[in-house]
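Naming follows writing order (A, B and C), and every chain is counted from residue 1.
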């Protein structure tokens, strides 16, 4: 009797509780996402591509913030490491784009290890500051090194080809980022419902009790950190070839905060929530174009209101 | 054979001596107790044993190996599990998920196994489920496995903590005031459960307790500490008649002895 | 310039910079000491302080001119205004979050910081504002070392504020209550201390010090920008950590240490000033990893 009452929900949410119904919704959504480019104009396509791109970034940060409960204020740094690795290797050494992906992934994971390894045993607020400082350090380094093109950044990054088709049109990148987003959702889902995913939740809820149960909190957090970094790195690779140019100003603190906002807005730790958060992040400024420079101010107010009145985010809690 | 051997343990916080020259041991397959008035340092002993505090000096040998200054999760992996004085459940998770945490240190699937759902990962998940349900069945909470842990009555939450500790497959189980807040009937069940854990599962038990009745009933050996030092040791009878023990308790908590 | 002159000049520069850092660091440390909250918005309060000072100075310059009297007046009002803003922020954003998980409080503080900096950006259109004063460029000319009277006055003002703060915390009943709350909030409540009011007072004092530093920075650098709170916020936090977060003398010491390190850091050959921030942030990270208790901080009970 208790088990049913805990699960029982009214309306469409109750309907969503069933695995089969959830699959139906997902299939419909995927189908819609697949056919949209056939009817959308270039502008819409560009915006939606951007939304899928932010979906990948937000899902990556969600592993760190949502699953492991660590505040990372320098997430853009991992995205930067991925983008610059691909940018440098393709534009200055002529390496094939597809070969740069594993290198970029390795580099961003390494960056995650370097910064996470020594700092993950720190208190959570210290960690937030350390990641912030790390994000700034990466950006300043990119600004001042020759190999990264200095303040003006890298230009002329080659477009990759895929079985003879050069990925250059908007529609190509729409599908590339859609695919990445679906992959990110899938990986997140599998991780969340695994031994490691549970370990993240244990550590998030009570570090000491988790430790007493034989869960090494530093190792578990490091996994979250490095996997999150990997998501950022992969997104960075494709970002670099889509834009064909990257500059340090893409990877500011504001960028990190935006990605965090997407996660918080949709609901930390909940995949559909984070996807909605990423879309809201991208669509909102497009819909309200008149806001211009007020955008970040409004985002700040939204974030405050969410934290004060609905800390679980837009997407509702699945367990009562 | 000695399962746990503590020698000359010293612990101090900011100049305050908490444990002094404390030595005691636990024989394999027995139920031992650590008692003493409030603030005597009992929980500090547990925290030293499980790696949450760093003792200043001394030796702790568990199962033939030194575990001094090891990280808590390594000590748990070595076979020592604990419960907490104030409940420390993962409140928003289900009872089953809580117990599954204990199996973490006995399994190994990582992110790659999780993403690709490899055969070994799936077998491991099944094993985690199986063992966790067994542990819940052992403490009699299997039918509550899908409830949210914080929605259970207090006594049941305690038993979830026990099941969780059992799921780590310990050799030694440390129970921190297991009878606190329980009524008379619950205490009788508790005594039965403690005996079953030892007799059916073969797990050695060390418990901290205030309830003298319970301690006298279940433990084969009692160590009494006061102000962080051992003042008496022996069977229930020996300890009961020890003048130093009576003095220590009369000074602070005479009503508990009566 | 001889080496000695360079050393003396950088010493002077470092102490001036350090005074700003110390003033802002004090607010971080006081708030952290009392409720263990890392107030991300603190650097932005400094920035708001600069702008409020600018507004008041422009408003009263007709009456008082733009010299020391007017600057002092605008500084006092800016301190009051920013102090009040700090209390309002505490009431609206932090009080409801005190029981929430740490992650939520940090994100809330981040949101407040975004609102302040982007709010000022929207008002000022993201432009630099010239903070003009009538102060003379005279100063003490000690051979090759030059310290302007403005710099001297700013350092003295900063020191004065810190002395007042120290006396307040250590010699008054309110100060004693603050120190007591930092140790055990619940016990204070039982002893009849109005904990909420003391916390609000702490926010007021910490914020007003940041406000004062903002006005001083305006006078010193001669311009204001909405983004100026971000970097100083990070640096002041670094200073607070160097000194030992939670310790008031530590924040003062840490500010000076960081100021001096930066001043001398720019003298290292082949390391241009563009690397200055990397230097500070790197120092912060190393410090947090290896000596999180800082120079004067208390060691917490050691746990693994």
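The rule is short, and it goes like this: contacts are C-beta pairs under 8 Å (C-beta built on N, C-alpha and C of every residue); 3 or more make two chains touch, one makes a residue touch a chain.
Predicted model only: the values in this text are computed from it and were never measured.
*Asks:* Measuring from the mean of all protein Cα atoms shown, which chain centre lies nearest?
*Replies:* That would be A.
*Asks:* As a test of understanding: of all chains, whose mean C-alpha position lies farthest from that of subunit A?
*Replies:* Farthest chain from subunit A, going by C-alpha centroids: B.
*Asks:* Which integer distance in Å separates the CA centroid of subunit A from that of subunit C?
*Replies:* 33
*Asks:* Could you please state the distance in Å, as a whole number, between where the Cα atoms of subunit A are centred and where those of subunit B are centred?
*Replies:* 41
*Asks:* Just give me the whole-number Å value for how far the CA centre of subunit B lies from that of subunit C.
*Replies:* 48
*Asks:* Indicate the residues of subunit B shared as contacts by at least two other chains.
*Replies:* 52, 71-72
*Asks:* Going by the contact rule set out above, which residues of subunit A touch subunit B in the complex?
*Replies:* 2-3, 6, 186-187, 190-191, 193-199, 201-202, 205-206, 208-217, 223, 227, 319-320
*Asks:* Using the touch definition from the top, list the residues of subunit C that touch subunit A in their complex.
*Replies:* So the residues of subunit C touching subunit A come out as 38, 93, 96-97, 100-104, 106-108, 110-115, 118-119, 121-122, 125-126, 230, 234, 237, 272, 274-275, 277-278, 281-282, 284-285, 288-289, 292.
*Asks:* Any idea which subunit B residues touch subunit A in the complex?
*Replies:* 50, 52, 71-74, 76-77, 81-82, 84, 88-93, 97, 100-102, 104-107, 109-111, 113-115, 117, 121, 124-125, 128, 144, 146-148, 151, 164-165, 168
*Asks:* So in the complex, the part of subunit A that touches subunit C is made up of which residues?
*Replies:* Residues of subunit A touching subunit C: 65, 69-71, 73, 118-119, 122-126, 128-130, 132-134, 136-137, 140-141, 143-144, 253, 257, 260, 264, 268, 293-294, 296-297, 299-301, 303-304, 307-308, 311.
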